[in-house]
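Two complexes follow with chain A in common, the first pairing it with chain B and the second with chain C.
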Partner chain A sequence: MREHEPLESASEIAVAVNHLSRSFGSRKALNDVSFTVPRGRVFGLVGENGAGKSTLIKHLLGLWRAETGTVRVFGLDPVAAPTTVLGRIGYLSEQPDLPGWMRVDELLQYLQAFYPRWDMDYAEALREQFGLDPAARIKTLSKGQQAKLGLLAAQAHRPELLLLDEPSSGLDPIVRRDILEAIIRTVTDEGHTVIFSSHLLDEIERVSDHLAMLHEGTLRLCAPLDEVKMRHRRLSLRFERPRTEPPRVRGAIAVSGAGRAWTVIGDAASIDRPAIARDGGSVLDDSPASLDEIFVAHTEASPATAGSHLRAVN
Partner chain B sequence: MTPIRLNPSSGTPLYLQLLEHLKHSIETGAIRAGEQLPSVRKMAEDLVINPNTVVRAYRDLERDGIVVLKHGSGVFVRGSVVPRTDLMKKAEPILRSAVDRLESLDLTEEEIRRLMENELALRRTAKQTRKRRA
Partner chain C sequence: MHSPTTALLWDIWRRHRLSVLVIVALTTLSWILDVAGLAPRDDDGGAPPLQQLMGMCSFLLLFGVFNYTESSGETGLGRFPQRLFTLPVSSFRLVAVPVLAGTISIVLLYLLWMKRLPQGGPTSDPFIALLLAALMVFYQAGLWTLVRLGPLRLVALGAVGAVVHAIGLLPSFPPSPPPPWRSEPALAGSMASLAVIVFLVAWHHIASLRSGGGQARLLGPLAGTVVGIPKKRRGFASAASAHFWFEWRCSGMALPLLVAGILLVIIGPASWIARSDPDGTLRLLSWTLATPIAVAIPVGMAFSRPRIGSDDLSLPAFVAVRPLSADDLVATKVKVAAMSAAISSLVVLAFLGVWLSSWANLDGVSRVASRLQALYHSRYAVYGIAALIVCSGFILTWRFLVSRLWSSLAGHQVLFIVSGVSIALAAISLAVFDVGEIVRWIVAEPWRMTSVIWIAALAVIVKCSLAAYAWHRIASRHFRRYIVAWLTGTACLVTLGVLVWKTMPLSGSSDVSQYQTLTILLALLAVPIARVGLAPAMLSRNRHR
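Here is the complex of A and B:
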């Protein structure tokens, strides 16, 4: 699992976050988050609304200073060296913040002045590919066209790090595909790095090679995507007698069901199958869990929202 | 090559889905011996999947001796890979002559089928025992 390190030169690190915490009042938006993103990777960030994804991305952009812990982008502190760091980042958020009064071609000129490494040929090629009229006022563009323009603006200076915060929220499948293609082009082109957050797990699955899952400000999972998938199994259990209490299964992350039929999402290596049999249960099906099931399991397994049995089995 | 359909939301990792698809295409002769597979970059961009996913699938094909990686020029299906359909064609006359000889011993169809299944089951057990020892 770990031996493959393709398309990546040495062990260069694009982003390093160490023990980052951030509170808003009494609420911990980020709680002791640590991870690194090697260059040339597509790092998928998942989590519910309010899990801390945008807060984390804003720290990477240097918009917020780390309360405790450190944030390094290309080895630099994005708060201390904003122009250097931002010049190497392309950023697109759910609501691209574009000047509505400008024309498309004016925006491209403006951005060229802003980014020393702006590639006008590339920008023009993308504009044509996205079917954007150069003479159109930005405020007259549809939501999908604005998203494409935002993507163009984030990409045309060939950033070493592309940061996408819920880029495909509320967009139609065609624009979503453009965004995914941009991600793939970014990593194939020059081995650049992408970090993107999404609640669309099949998008994450399609393009990411690394998965991080935030839940209530805490990093629940952070590993190569294949490893995450290999590590989680879904077991369908059937018990001889109906149960009023969920079965206690060692290695389970989430248990759901009723009566005789129960489903366990758990850790492949530590699920205790003999114990299930001793408990009067038989395994009807044992298959890899989907990312969706893994996500829901980890979300529900939170001590705050889950039943006490879940803490008991862990 | 037939269009590749990957299902990201299934439990099977994408690289395995891609690997199975390519193996199947090569075995059925949809991709011929000596043919070049699309570059990692092209495959990743066409399928809109992570290039590392393609690299992993190609590496497994290489490990299984199905393709060769030629540095700087690409990934090629090995000349020695015989499409499964061709193999099946070769198998037909062998089986025909075996069944002819069994029939000449006055065995019934049912008996021949049982003998065949018996033989296959014995071989399967022997294989599993060997694997377990290894």
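Here is the complex of A and C:
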């Protein structure tokens, strides 16, 4: 998953993004983003609103053209070869954008025509599993049912790459469970690749084996999930005297607290513990940081701090 | 903002400030022209055509400003802005603010323009102002309450406009003074009462919608004919056929339904009124044949968008992520346009079949047919010309549906507006300026005619060059099919043009060969090839932003 991690062959790479940048006016939506996604992995993409997750996914779909840098999906440029690339991708967004006038069975027949690998038996099985009435107009379906239908539409042609852009946002736990099960099924049964963006870190933690974190268009973190969790530590510090400003701890990504009690989230390998002692502090607790804490730390960290950490992890 | 009313008014201003500024600019410019003496009146005291054009644009823009609807991304059909339902404001105020603002604005605009616009008779200014205010109420109420009719709302509102116009003319019909029921005070009272009733209906409808009431109660059965198209039960043979079905369901029926509506609501009754008038029948026949072409101009503006009727020009993600090339997506649009134009032509033919065989006075038509038969010494020539007229109508209808694909599919708001405004201005200019006068001016001097021919020839060269550039990247199978269609359409128009010019009495000092040359050049320009060729590249820019 690391940018320069050697892979056995190029055919093992599902997605390769190199130095991708994109601006909207003066705002940088993506800033020199680079990563690769090997086949058969679940790639969790996290970041706050406006971090650039949807923009990145739209570049993978070819809906946005790279201003600088390159995007390759299965070795192809999705802008230059949209038909080939899109035929191998299943896509579900937060708002599925399905035509409201269409009936469920009409949608399935319509989509079947575009994908040679469309499996109508599988589609029907999913439809029954999701409890969707084939004669119902899409506009009469609830938000959760529309999300299920969107998932069905994205999955029934057994895509080699499933792109899910915050699919479970605003949905009830049952629908979220269905979506997660679909992701797991896609990977375990068929060995396909999933890129999954979400605000819900517990979902990411449950299904992803790799994690990428975007903040203000910059890739702050990109590594295997286990490695991310292993490398981040949460240190509870206590100082002899109350401090008016946060302690300067080398290797720290974020420091919070007040007075004598401070908490540091940092890189396990580079946190300078002797320096803490020299500064009059003692480590009361040293435990693995949760994904929530890692996310908040990277989101609130200054670019310089986060950048140094990115280099440390990668 | 201290009150909800101010906020609602600000909302209208904020969304349409450009249109409002244009109205103010046009009105001011017209006033300056008057003051500076640059707009001399004609013998009847009417303003020059340019000033009339400015006035018509101002009123059309004002109706646009008070088109108090918002389209949902899904259906693309404008409806009362439902986001306002969550505001702590009564339904009465939500409805009354735009209606009152609209009526007051149109009356004020009329007061500013009344001395510069032709009135078409001795109708008094207050009566016209009241009719315009009532029309604004009907217009807004129609937009809100007839949502389920979709594009047919335009037909309904057009018919309402025609009726209001006719009511405005009633007091001027003989005898003078008119009987009491046709007097201005009686008609004004009736229209004011009707406007109040329509306003109350609209208020009730919006209040019902706001409290979760359905929309199907109003015109439910008729609406069913618009949306109740049979379900697709079987699979599709190919991706192209699936997408054709999708495009057809989204936008294909708009033109045939509008044409059918106009024929039923306007031409049908008019043909009954003119059933004993041979010249009136001939005139109505030409209007009937021109109806699909005229309707295709505004429908084409909506049809050529990525999502019909929606303000959003970006390609919907549902379509953009399908594995179909930009060439195929545009080819589908072109085919749907052809099907739409063909069905519209069939609707016209069916109407003509019923009308001409039943209550029409065919003396005028027979006179023209006899003249043609005498000229060509064969009645088959008459049938041939009739068939060519129908085919040319189909080609021109289709042409207006597809000619803006290149600018609309680009997803570029400025390009879309500029091309739309240019067409609207051209259409209004045709209505305002005396085209016959311009043609007579051109043919009066041979050098003018020659100049026009040279300009047309240059335009053909530019068109062919652009077409060669545009089509070189498009799949050859699409090019082969389109070039056959283009050649067929152009040949049809050229043949018709040459045959028709032969029957026309020539005026001026130009000879028939000049007319025929110009006809051929105009026919070559009429059927789009460069613009259609540019459409896939523009769509691709929209798809891959």
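For this structure, a couple of remarks:
Heads up, the rule we're going with is that the second predicted complex is superposed on the first by the 291 of 314 C-alpha atoms of A that agree within 3 Å, B and C clash if a C-alpha of one lies under 4 Å from a C-alpha of the other, contacts with A are read in each partner's own complex, and residues count from 1 in each chain.
To be clear about the criterion, a residue touches a chain if its C-beta (ideal position, glycine included) is under 8 Å from a C-beta of that chain, and two chains touch if they have at least 3 such contacts.
Note that this is a predicted model, so its numbers are computed, not measured.
Within the superposed three-chain model, A:S26 lies out of touch with both chain B and chain C [touch as defined at top]. Contacts of A:L98 after superposition: chain C is touched, whereas chain B is not reached. Judged by the touch definition given at the top, the superposed model places A:S208 against chain B, while chain C stays out of reach. Touch criterion met: A:M230 reaches chain B, while chain C stays clear of it.
In the superposition on chain A, A:L180 makes contact with chain B only, while chain C stays out of contact range.
Comparing the two complexes, no residue of chain A contacts chain B in one case and chain C in the other. Contact residues of chain A toward chain B in the complex are 4, 6-7, 42, 177, 180-181, 184-185, 187-188, 201-203, 205-209, 225-226, 229-230, 234, 287-292.
Residues 6, 8-15, 40-41, 44-45, 48-53, 55-56, 59 of chain B touch chain A in their complex.
For chain C in complex with chain A, the touching residues are 73-75, 227, 231-239, 241-243, 245-246, 249-250, 316-318, 320-326, 543-545. On the side of chain A, the complex with chain C involves touching residues 61-65, 79, 82-87, 89, 91, 93, 96-103, 105-106, 109-115, 135, 139.
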